[in-house]
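Lettered A, B, C and D in written order, each chain numbered from 1.
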Amino acid sequence: MEPCGQPARLTVRYAETDQMGVAYYANYLVWMEVGRVELLKQLGLRYRDLEREGYLLAVAEAHCRYRQPARYDEEVEIETRVSRATARLVQFEYRIRRAGDGAILATGYTKHVICDRELRPKRLEGKYARVLVEATEEEAGRL
Amino acid sequence: MEPCGQPARLTVRYAETDQMGVAYYANYLVWMEVGRVELLKQLGLRYRDLEREGYLLAVAEAHCRYRQPARYDEEVEIETRVSRATARLVQFEYRIRRAGDGAILATGYTKHVICDRELRPKRLEGKYARVLVEATEEEAGRL
Amino acid sequence: MEPCGQPARLTVRYAETDQMGVAYYANYLVWMEVGRVELLKQLGLRYRDLEREGYLLAVAEAHCRYRQPARYDEEVEIETRVSRATARLVQFEYRIRRAGDGAILATGYTKHVICDRELRPKRLEGKYARVLVEATEEEAGRL
Amino acid sequence: MEPCGQPARLTVRYAETDQMGVAYYANYLVWMEVGRVELLKQLGLRYRDLEREGYLLAVAEAHCRYRQPARYDEEVEIETRVSRATARLVQFEYRIRRAGDGAILATGYTKHVICDRELRPKRLEGKYARVLVEATEEEAGRL
């Protein structure tokens, strides 16, 4: 997996730990959201603008493989890339690393359906569609 | 504090603990929300109907005093009462107990401003206003 | 999928919604946790006792397919079963339904590695192992 | 209120919004945690080291006044100062601003009791006590 740009960065919050002493597993999905919002920003798209124009990315599927635990106050990097994009669907892939030593903590993906405000499927058009499709082609070209 | 009805009940989730081994402090505010939604239901108001009719209870202030920690898998009861209600403001008081032995874990209050969907102040009218005001008067009568 | 016992039940909290007006996708993993804790209880195991005796179920993988959104104040049921159990691994499957009409909102699974308190792999023994293995055999027998 | 150092910064996550379209009120307490951890870091203390040496800051009280809503993707600054510190108690004050225009979104405080790992009160000693007490004196001197 080649990330499209700079990884998103965050520090594990105390709120995100559980009594096992590590980050609770559902938080990785929150971090993936942070990663894809950052990637979209680097592609020139703000998710909030997308939403204002009536395009919602409803999650259809999420997957995460946990390799090493993330611990409180550790800095974490989320590498994200668009692995697939059509007018109806977008798929992202993620690699979450510990910033300190680069160790991979988790990998995963999410699939999203483009929807309108009432959560009915809708075709993504114009600039948004172009940018996402180009991001995946660029990706393909690099391989 | 005399609660208006049956307390809300919940079991502390693993997700709600932190590495201190107890429930993270912000979750008590989530539990207060569970308590006030339950109280409204017992008063014959569903918060989601309130919202559909264009009345939002925007939080203006929240306070919590933590007495004893809540632990994973413990059953917790939230006693809630309306301590003040006008056409513009509603105030709730909470007492959070461990169901097992009745020990008080926390007490607190929240103040809410009645707003419209754009979060501008708005007067609460009709049935909703009546029920809330009556709930506080009943309260006062009991003292 | 045949669930092993009674489904866990919960009501979608306001805290669990996002500005799309539906439950945020990471919360489904929290609900899965609620489901598996409930299933373990029905099998006569309390997760907190398991943990006290030094057995942690560290999540190795999580997957969720989202079919229909869960909305604020809806009652939700989580059917859970043990789909695989060895001395080192346990796998759970989940089906999340809207209680009102039984509609399936999401399906998914989680895989867990049995660990000690330092999160090193460890063999599950005695009563715990027996109960989990039996739960999967019973499952197999029913098919 | 004079903050002790640089404010902590964060971007409001989608996960932190609710269906009112703004950040859910319990998250401000999470942000206060981010603010105090950052302040401690700037004072030369890492909360995780504090905890490793057996000092936990158990929350005894939390208060937040909400002035303006924080919205998705807005950058937020948390100014924090130690308003009181003894060997047994630490109190922090917070001012949360929208980074864009500096508008105050919320103010609040938290009170913490120094505890050991079993959450029994304990006196804070040595370097930690000195740094926290000095931070409040410096504060006092500035007024």
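We take it that a contact is a pair of C-beta atoms (placed from the backbone, for glycine too) under 8 Å apart; a residue touches a chain by one contact, two chains touch by 3 or more.
Remember, it's a predicted structure, so these values are computed and weren't measured experimentally.
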item	value
Relative to chain D, chain with the most remote C-alpha centre	C
Same-interface partner of A-D, chosen from the options C-D, A-B or B-C, over half of the pairs matching	B-C
Between the pairs A-C and B-C, the one where more C-beta pairs touch	A-C
Whole-Å gap between the CA centroids of chain A and chain B	35
Cα-centroid distance, chain A relative to chain C, in whole angstrom	25
Chain centre separation in whole Å, for chain C relative to chain B (CA means)	29
Chain A, residues touching no fewer than two other chains	14-15, 19-20, 22, 26, 30, 33, 72
Complex interface listing, chain B residues touching chain C	13-15, 30, 33-34, 37, 46-48, 72-73
Chain D residues touching chain B - in the complex, by the definition given at the top	19-20, 22, 25-27, 29-30, 33, 51, 56, 58-66, 69, 110, 119
Partner chain D, residues of chain C touching it in the complex	14-15, 17-22, 24, 26, 72
